[in-house]
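Common to both upcoming complexes is chain A, partnered first by chain B, then by chain C.
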Partner chain A sequence: MAEAQTSLGILWRALPTLWRVAVAGIVAYRAEMVIWILSATLPLVMLALWDAAAAGGPLEGFGQVDFARYFAVTMVVRQLTGAWIIWELNYAVRSGSLSPQLLKPVNPLVYNLFETIAAIPWRLFVLVPVCAGFLAWRPEILFVPQMWRVALFMVSVVLAFAVAWLVQALFGALAFWFEQAMGIYSVHFALWSFFSGYIVPMALLPSWVAALARWLPFYASLGVPVDVLLGRAGPWEVGAQIGWVLLLTFGLQAAWTRGVRRYGAVGA
Partner chain B sequence: MPIIEVSGLTKTYRVPVKGEGLGGSIRSLWSREYKDVEAVRDISFQIDSGERVGFLGPNGAGKTTTLKMLSGLLHPTSGRVTVAGFTPQDRVVAFLSSITLVMGQKQQLLWDLPPRESFALNRAMYGVDPVRYARTLDSLVTMLRIEAVLEKPVRNLSLGERMKCELVAALLHEPSVLFLDEPTIGLDVEMQVQVRKFIHDYNHDTGATVILTSHYMQDIAALTPRLLIIDRGSLRYDGKLTSLAERVAPERRIVVKGGPSELGELGFQRVEGDMVASLSPEGTNQLLSRVLARWPMVEVSVESPPLEEVMARYFREAT
Partner chain C sequence: MTRSAPDPRPEPRLREVLLALARVALMNALQYREGFLVEFLVGSGNVVAILLPLAVVFGKSSTVAGWTWDQSLLVTGFFLLTSAVMGGLVEPNLGAVVEGIRQGQMDYLLVKPVDAQLASSLMRIAPAKIWDALSAVVVIAWGLHGTGMPGPLALLACGTMLVAGLMAMYSLWLLVICLSFWFVRVDNLRYLLGAVTDAGRWPVDVYRGVARIFLTVAVPVALATSWPAMALLDRLDGALIAQAVAVGGGSMLFSRWAWKRALRSYSSASS
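== the complex of A and B ==
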């Protein structure tokens, strides 16, 4: 515990430099970053499909404007909650580059968290013009949500980011045990796409599937803030997000401690 | 006073055994067999503060495993290690701040950013006071002569420049114990000499303890008066480098540069144009006097066998 406190003390003082260097790193990779951000605009493709499907009339209460609104917000939330720690951690464990990181007073997970957060303004830099263009094309999607929903949405986005990052970190930690951690993650990604609301709004899933999916971490990492803003979810779902953040934090802590020990056991 | 104390240190790896071919791969899916490999076996030694010590041994002897246990990356299977009063594998911040590990084959610098950014990041992570940081950085940069590369992205640096920057990054927090694993690997001869001189001067100026592994005998000869030889996981020798050479290869060589063939009468043989005689240290002066009495104008040197030969003989005797 003494170790954790000292680490936090150092971290607090190190914050401005960590932030500055993380931003410098993001800028160094600007071309890759733009491609990555653009690749996360899949919701716009999904919108084109659902828009065509709803041309003949609303589906389960979703008309063309509802779909446009839904996938526009989904795209924004997806951009704000993107993480890439699984690739970094998987590479660091397999190549052994985790070793020098482990001998620094700041935990490599914490450093990655800062890097990820530092990328968010850069994502906004691309996101804002994309959203402006979208609004110019479909101005009818503009709406004024209730203030409490906007506030809850902001809390829910932060929680969704935490869930997304923690899940990826946990999958990344699998690299301590399995060579095919990325393969396992791709199975997760398939489930996530379906149950998070990324390609199908939760309201369009069969009711028994939606009843279950509503409480799973997939939805907590993307769909909850979208539905909170659009009036289809509320404090209960945000409560479930908090539950997942706590559970995943404990899970990651346990996996990390055991994984690092195992990393040492196999030769670091 | 010892800064490093190691007693009965053992490390056993559990490695999966996979049968050959496709059948072996498929079988290992559900019934995986393991075997224990003892990488380090019951090693004990102490190192005093300020010492420079070399770990030497063939590939797979257990040098790097020992170094990783001392730096806290590996958990020992059994035995006890303390470094600067800490148990390394606990990796408490005070311990991490008092050591550094430089691995010649792994890098900590941020690949796409100039080294200055990696240095700034380390300053922040180790909580080094900015004034002290500026002073230390300035002195390290001057010692290693890398002013010109501080603003270039690391990916554009030569191997030698990168290793020098790795050393700066590793030393900015002024550690009192340096673990250096093959710090000169892959460097050209001139760069090896510069890095060796730097490590020597750093130890001299700061009193830091240096523990070094290397495949290059010149590193060991130039840097570490004390030698620990590890072979197949066991500590085979712990003592002065000079004592080992005296024990294993005590003879001297008298080399007469381009000497006349008549020296053959005194037991000399021609080796690459020179006349060379090998004999015990006691007989050296007598033979030297006889040579100089007959050929007073020749260029003569007296040499000990090179360290490579000492080690080769040592390992031949050990097997």
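== the complex of A and C ==
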């Protein structure tokens, strides 16, 4: 127990420095970040399809305006919850560059978490012109949500970020055991894109699929905040998000401890 | 680095070069067999992720932008085929060019007595993309099952459009790679290009206004996905076919010119 407290103390004192390093890292690679951010065009591609489908009239209560609004919010939430730890962790484990990182008093996972959070203001900055363009194209999507929905949305975005990051970190930790962790993640991505609301709004899935998908981590990592803001989800779904954050945190802790032990045992 | 005095040895014949390159590519690729099964899962997941939303959309309305489900399947099939060709034959090669420029291996390629563009375009393959190609065939066959078999002329037009579209896409990739001779850190542009190419999975009529023009002219993915499908459905006239051939051939010539230009300004990583 004493050891845990000291490492928390170290973490506490290192926080400001960690933050500065993380921000500097993002600033150094800002052009690359812009390209990464702009590469997340799938919501727009999906919007085109739904928009054409709804041209003849609303589908299940979704008209063209609803689709435009839905995918605009989805695009923003996707950016706010973006993580890339699986690529870093996968590379670090396979190349052995994890070893020096493990010698540092601060857990490499924590450092990545900081870096990911530090990127968020920059993501917002790049999103402003994109959103402005979107609004100029479809001004009718502007709407004023209720205050409590905005507040719950903010909580839900933070939780969605946590779920997305934890899931990626868990898949990254698979690299301790499997060569093909990235491939497994790609398979997961296909499932995720369907069940998270990224390409199909939850309300348009067959009802029995939606009833199940509503409580899965895919939805918790993206769709919940979108639907909270647009009035299609509420406190229950946010509660499920909290549950997933707790569960995934325990899972990651267990996987990380075992993984690092195994990594050491290989002799790297 | 430029090529030095004329080489006394005779230039190898094109056929020999092509055969040798294909053999090297295959041997390189066969070193990595384990990923094959995982790639199969990834490929299948990808196909499902593309088809599911389409199925949901067509579950709600019988035509979308004038396309039925079967007809859209043809576009999706050609999209998978384009992804297979681009991801299996084009991307691995041109990605390696960027790496070679940054680290200097490009020098070794340039001193070889073969055409540098040919060699850097055919040196590597990603055999796992064969899953994408196979699923493309299945999806196209599925679509044709619904729309009926096209006549021989339509098939010929379809083949022409497909080749023209792939030529245009290859040229676009080559142009992006040419940029990296001047700006080394443009390899991320590849991912952006890949993301934009994703828009080719739906019939081009789904897009309106500027977006449709963009996908036909700027990133001509519609040429390789929607137009071949339209050819199979007898929706193309001679003028459009001529246009596609002009775009495909013209972009090949232009990218070839840009490549030569870029090579001239290449100054090796070490100098």
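In this text, the second predicted complex is superposed on the first by the 267 of 268 C-alpha atoms of A that agree within 3 Å, B and C clash if a C-alpha of one lies under 4 Å from a C-alpha of the other, contacts with A are read in each partner's own complex, and residues count from 1 in each chain.
Please note the rule applied: a contact is a pair of C-beta atoms (placed from the backbone, for glycine too) under 8 Å apart; a residue touches a chain by one contact, two chains touch by 3 or more.
This structure is a prediction, so every number in the text was calculated from the model and none was measured.
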| item | value |
| --- | --- |
| Contacts of A:Trp50 with chain B and chain C, given as first, second, both or neither | second |
| Which of chain B and chain C A:Glu60 touches, first, second, both or neither | second |
| Touching partner for A:Ala28 - first (chain B), second (chain C), both, neither | first |
| Residues of chain A defined as touching chain C within the complex | 31-32, 35-36, 38-42, 44-46, 48-53, 55-56, 59-60, 179-180, 183-184, 186-187, 189-191, 193-194, 199-200, 204-205 |
| Footprint of chain B on chain A - complex, ascending | 2-3, 6-7, 9-10, 13-14, 16-18, 20-21, 24-25, 28-29, 96-97, 99-106, 261, 264-268 |
| Of all residues in chain C, those that touch chain A in their complex | 34-35, 38-39, 41-42, 45-46, 48-49, 52-54, 56-57, 60-61, 64-65, 185, 188-189, 191-192, 194-196, 198-199, 201-202, 205-208, 211 |
| Chain B - residues contacting chain A, complex | 13-15, 65, 68, 71-75, 89-94, 96-97, 99-101, 103, 106-108, 110, 112-113, 117, 120-127, 153 |
